[in-house]
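Letters are used for the chains, namely A, B, C and D, taken in the order the chains are written, and counting of residues starts over at 1 for each.
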Amino acid sequence: MSQTIKRIGVLTGGGDCPGLNAVIRAVTKTAIFDHGWEVMGIRDGYLGLIEDRVSTLNANNVSGILTTGGTILGTSNKANPEKYATGIDAEGNTIWSDVTDTCLATIERHGLDAIVAIGGDGTMSGAQPFIRAGVNVIGVPKTIDNDIVGTDLSFGFQTAADIATESLDRIHTTAESHQRVMVVEVMGRNAGWIALHSGVASGSDVILIPEIPYDLEKVAAYTEHRRSIGRDYTVVCISEGAAPKGGQQAVQRLDPTSPDPVKLGGIARQLAHNLQALTGQESRATVLGHVQRGGSPTPADRVLATRFGHEAATILEEGKRNRMVAYVGGDVTDIDITVPAHKQRTIPADNHLLQAARAVGTCFGDG
Amino acid sequence: MSQTIKRIGVLTGGGDCPGLNAVIRAVTKTAIFDHGWEVMGIRDGYLGLIEDRVSTLNANNVSGILTTGGTILGTSNKANPEKYATGIDAEGNTIWSDVTDTCLATIERHGLDAIVAIGGDGTMSGAQPFIRAGVNVIGVPKTIDNDIVGTDLSFGFQTAADIATESLDRIHTTAESHQRVMVVEVMGRNAGWIALHSGVASGSDVILIPEIPYDLEKVAAYTEHRRSIGRDYTVVCISEGAAPKGGQQAVQRLDPTSPDPVKLGGIARQLAHNLQALTGQESRATVLGHVQRGGSPTPADRVLATRFGHEAATILEEGKRNRMVAYVGGDVTDIDITVPAHKQRTIPADNHLLQAARAVGTCFGDG
Amino acid sequence: MSQTIKRIGVLTGGGDCPGLNAVIRAVTKTAIFDHGWEVMGIRDGYLGLIEDRVSTLNANNVSGILTTGGTILGTSNKANPEKYATGIDAEGNTIWSDVTDTCLATIERHGLDAIVAIGGDGTMSGAQPFIRAGVNVIGVPKTIDNDIVGTDLSFGFQTAADIATESLDRIHTTAESHQRVMVVEVMGRNAGWIALHSGVASGSDVILIPEIPYDLEKVAAYTEHRRSIGRDYTVVCISEGAAPKGGQQAVQRLDPTSPDPVKLGGIARQLAHNLQALTGQESRATVLGHVQRGGSPTPADRVLATRFGHEAATILEEGKRNRMVAYVGGDVTDIDITVPAHKQRTIPADNHLLQAARAVGTCFGDG
Amino acid sequence: MSQTIKRIGVLTGGGDCPGLNAVIRAVTKTAIFDHGWEVMGIRDGYLGLIEDRVSTLNANNVSGILTTGGTILGTSNKANPEKYATGIDAEGNTIWSDVTDTCLATIERHGLDAIVAIGGDGTMSGAQPFIRAGVNVIGVPKTIDNDIVGTDLSFGFQTAADIATESLDRIHTTAESHQRVMVVEVMGRNAGWIALHSGVASGSDVILIPEIPYDLEKVAAYTEHRRSIGRDYTVVCISEGAAPKGGQQAVQRLDPTSPDPVKLGGIARQLAHNLQALTGQESRATVLGHVQRGGSPTPADRVLATRFGHEAATILEEGKRNRMVAYVGGDVTDIDITVPAHKQRTIPADNHLLQAARAVGTCFGDG
């Protein structure tokens, strides 16, 4: 099987993530140096297949990109080949088309014997029509949130957790100097991995994650307990996807005279607002946002990305088809590319780090 | 004059700022080692004088604090001795009292021959009643925003500008990978120093500051010009105090069907919203917030804070009264403590860095 | 078994390592909060048992230490209880004594039901006499070099690799600007983990490790090959324990007229000297040294150290005896404490990262 | 005068320094955008004039270099046009030639109306033959050590001081954990600016600089004084150019049985050796080396470099000739380019920071 490979394509899809360039570099160098293949870069995710934006990658144009953030190939988190906006009809509605055949023609035109698709579960799912048409797609999992099913770890996550930790460290001193509650919102829509890791790493007093709906009154009681033992400040690390028990309505009820917290924009601002309403302690919110997903990857992420990129080329050489590179039990391996589709890897209740965090006194709002 | 000094008090007022502890350490060590004085720490700004929270500072308890953020003395940005909330009347209104005499009694009780007040223009103004009563107050200027009149530079500013720059660097790669407009809001309510320095240091394409009301259509035109020359992304660095020409109403008018931008919470989100409305290019906003004012000071700020703290003790020894330490023309000196009251130091139109930024192609929205 | 525990002792032994304080904190908090035990801190490794320097640890005195480097307990890498210098005899020779009984008396005096010993293989071995006397010792592996047998990973390693990578990144630009060979010596006396990880993370062109004796002429040939393809600089990352094939004599022979390279002090300086002699290209050496083992641990090391500390207390509660906490296959677990004694965990030839590094073109001097 | 300028050349000379690229970018953009000139990049300092390696710089090829270390133009610290090695004679001696005319021919050939030379005092001196021949040379001062006469500050210095401070911070924890004396050697052959700034910023206990010959016994006495008050560790920050009073011989005398300290390689290792000999306290040395001069410039250095580059083009436009851009009294200005030749700017005894350092208890070995 593998002996037929002469040329492969590489693309990056979904949101920006530190380490994308390191994967591109490792795939390209392994393919060229180890296997003697040619490598083509496809621009802006699947969009590059739709619009035929494909050009050569060689050792020179992947030189120097190991340490850089972003992706030299560009990315897009909109292009689904089976449902692509191709125009607007007479009534002003978007016309959605299946452009799979256009993509397959591009793959054919450039003589690509396989595609390495670096992306999240959307990118893995998006590869299905090509796989069904006989294209060999090797996935490389990419997720800031570390929530792709089938891999214990993905590049970018550690960088995001590091940035969040550094911010939490900074906010710690302000909380202490002003005797405030400081609420810091980190990424994690469906899974609380960034909040758990950065919260533990920064010694946050409270960590709130999507997996554990929190009881606002318990969080308030915890800040008051801290004050009663002479710790007159509290740092709260909250995932963007965390939610109070019983939903937003319960939150609003606690302070009916103040502005509608739903309009305050974001779970962190709502929480700070309500904690201040409940406890009288000055409370402020910060939303870290995009800084978590840009910039140079940490050394550990550069290493993991290099291993993933190398592995993608290696398993292609071994003749494997439609697999996703994965990190399982401390080793780099590969799994069926369909495994992560439409699922999220969340934090189980018996997670070791979660237990360690509880043991050192962290409040998860469910006390 | 100076020979009468035997004991001084030190306090920190206003918002958190990296370098406060370095000043406290330098004042304390210089006072003890060089002059043989005793030093008392006053907790939580003027609140410590009102509530008599005063305790000894010695070489041991300022050891190890040079590099730490926050302030070991605590701070408060509410306590104005001339208008202090002392209770609530029968109708539920706050009772405001002048507690200057309470503070003077605390100063007397602890035998403080002078007060070193580290803070912003509010803290300098707040010292006036004590000065009128004959207390010698030496001010040390503290401002993240670098907007205190009378000093070219204050500690904390460079740290804030560094943190902002690092965030802008990270966001640069995301902007480029996604071909987006990324708007980053940095501190600076009245003056654009942080935006100007971090914007230039990060190579931001657009810098918007309070001193130059921006024309939204010019910013939009600039992003489109960039796209026309193959730069399909734009990074905008905006001060929290920047404002469009003609005020908010002009902004809303541009996109009447979308949500009220005033409610979007913050100038950065409004700008991103309106740029997307005008240009069709995907635009996102990030608000850096409190991370800019916490954590370990940069080496340059530790050095400046040490010089300021040393100078405060030195001019006391020289017999000076009611002066503020300042950095003028490259030297540490001192000015009348009343100089900064109720004013802000803003960026003049002929500022050298502003001109350099324009020369390298930066858009200030006034093109 | 576990129900008999009422009080435990904690000590840190061997060289400084980022994360020691995080382990101390997690052991102490888990012991107090989860199990209701008392915790005693033993100063300066086994020296604290010999000289009875033992004092209480509680939640307050481990507060704020998570992010700090060093160890609040002090450390020593000299005290072996079975061979301890207790004086000097008439002829000026050191008198070595077995002070195990002194230590056991200290343990008894303070009522310690178990000892948590955080250290390297020396500390694990040093615990043997106590274990034989019936003391329950739980080890927590600590090694910058990541070379303790029985655990895939220890805290401190990632911090050291990060610092090394940051330095290599910096030196990269100088190598390029000056068209030089830059040799950077990193830690790793017996194992090349730091060199392999930081070398890959920084994109070093050559990585030399103790596990692979290098051929000087092959390294020289590689730098010349790079020049021939327009890459007129080379970054070499070398472990302190790396050695040329055939040993030092072969090295000297290559440049008989120049100073004796053995006297140049360190493998990096020798290598730079010899590469310049062989190729004529300007070559410089830098030895990173102690900066790799001090300062604040990275977020990942804080997390791992917290997990290790928590696990140590947890397995004590479960009644386990004489185990070492370990990280195996992606999970925190425990192994017999005698496993790591007198061995080093080195990089096997089929290591995945080693293979990935080769695939992206890295030279290991054995080409 | 200025109206005759149509095309300028830019070169970088001397050792690597963070901010070189930022200057190149600002010169180039100001020249093109503000003045409509063409800009040519000259490779590897004056070597590019000798060997005619000159090519166009435009807005595209200076894009993205603001934040990068090194220099895209390459550099050389060997090429002196008046004494250039052009061959080897029959007896094996280097033939030195004056290649000024070759350089002038290159300048003529490319139609360069002025040269912007970014470099140290060697580069400024090296421009003299061209100036005498009528070429207009504008210098931009570059020095890690901050020792160029005529400018209070140069880009690169703050980055070097930051890197040194970060390393000193790390080593602090190791010194404390091991109760050691740690000696850290930083750059500064003739002037102690890096040692003074990083020493103060890190709270080093001892700072030794070329300007103040140190008394070894006083340094030893200071470490023993610290131990007597319970500070059983000492961090020493020493410039590479610092020297003991009376020179090396006095040093060796103190420990005649141990290895010749001159052969230990470097002032830091000698000092650690001798302190241990004198006090019996374990003492270690670290030499920071090249890491101080590579990598991304700090935000403050990017700003200063941008201002310097902008100013170079601006004063050319104003018709100035043979000036060096400088930072004096807090402003960017310009001075005669011959001012810095063959001199070093050292720390005067009444320097404010030096006095502040003494006041907070720092030992300079001259107590």
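Here is the rule we use: a residue touches a chain if its C-beta (ideal position, glycine included) is under 8 Å from a C-beta of that chain, and two chains touch if they have at least 3 such contacts.
Please read these numbers as outputs of a predicted model, since none were measured by experiment.
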Distance in touch steps, counted as few as possible, from subunit B out to subunit C: 2
Type of subunit A:subunit C copy interface by residue overlap (half), same or different: same
Rounded Å distance, subunit A centre to subunit B centre (Cα mean): 34
Approximate Å spacing (C-alpha centroids) for the pair subunit B, subunit D: 32
Residues of subunit A touching at least two other chains: 166, 169
Each pair of chains that touches, named by its two labels: A-B, A-C, B-D, C-D
In the complex, subunit D residues that touch subunit B: 25-26, 29-30, 33-34, 59, 64, 66-67, 152, 158, 161-162, 165-166, 169, 197-198, 200-203, 298-300, 302-303, 306-307, 309-311, 313-314, 328-332, 352-353, 355-357, 359-361
Residues of subunit C defined as touching subunit D within the complex: 12, 15-16, 20, 68-71, 74-77, 163, 166-167, 169-174, 176-179, 182, 263-265, 284, 286-291, 293-295
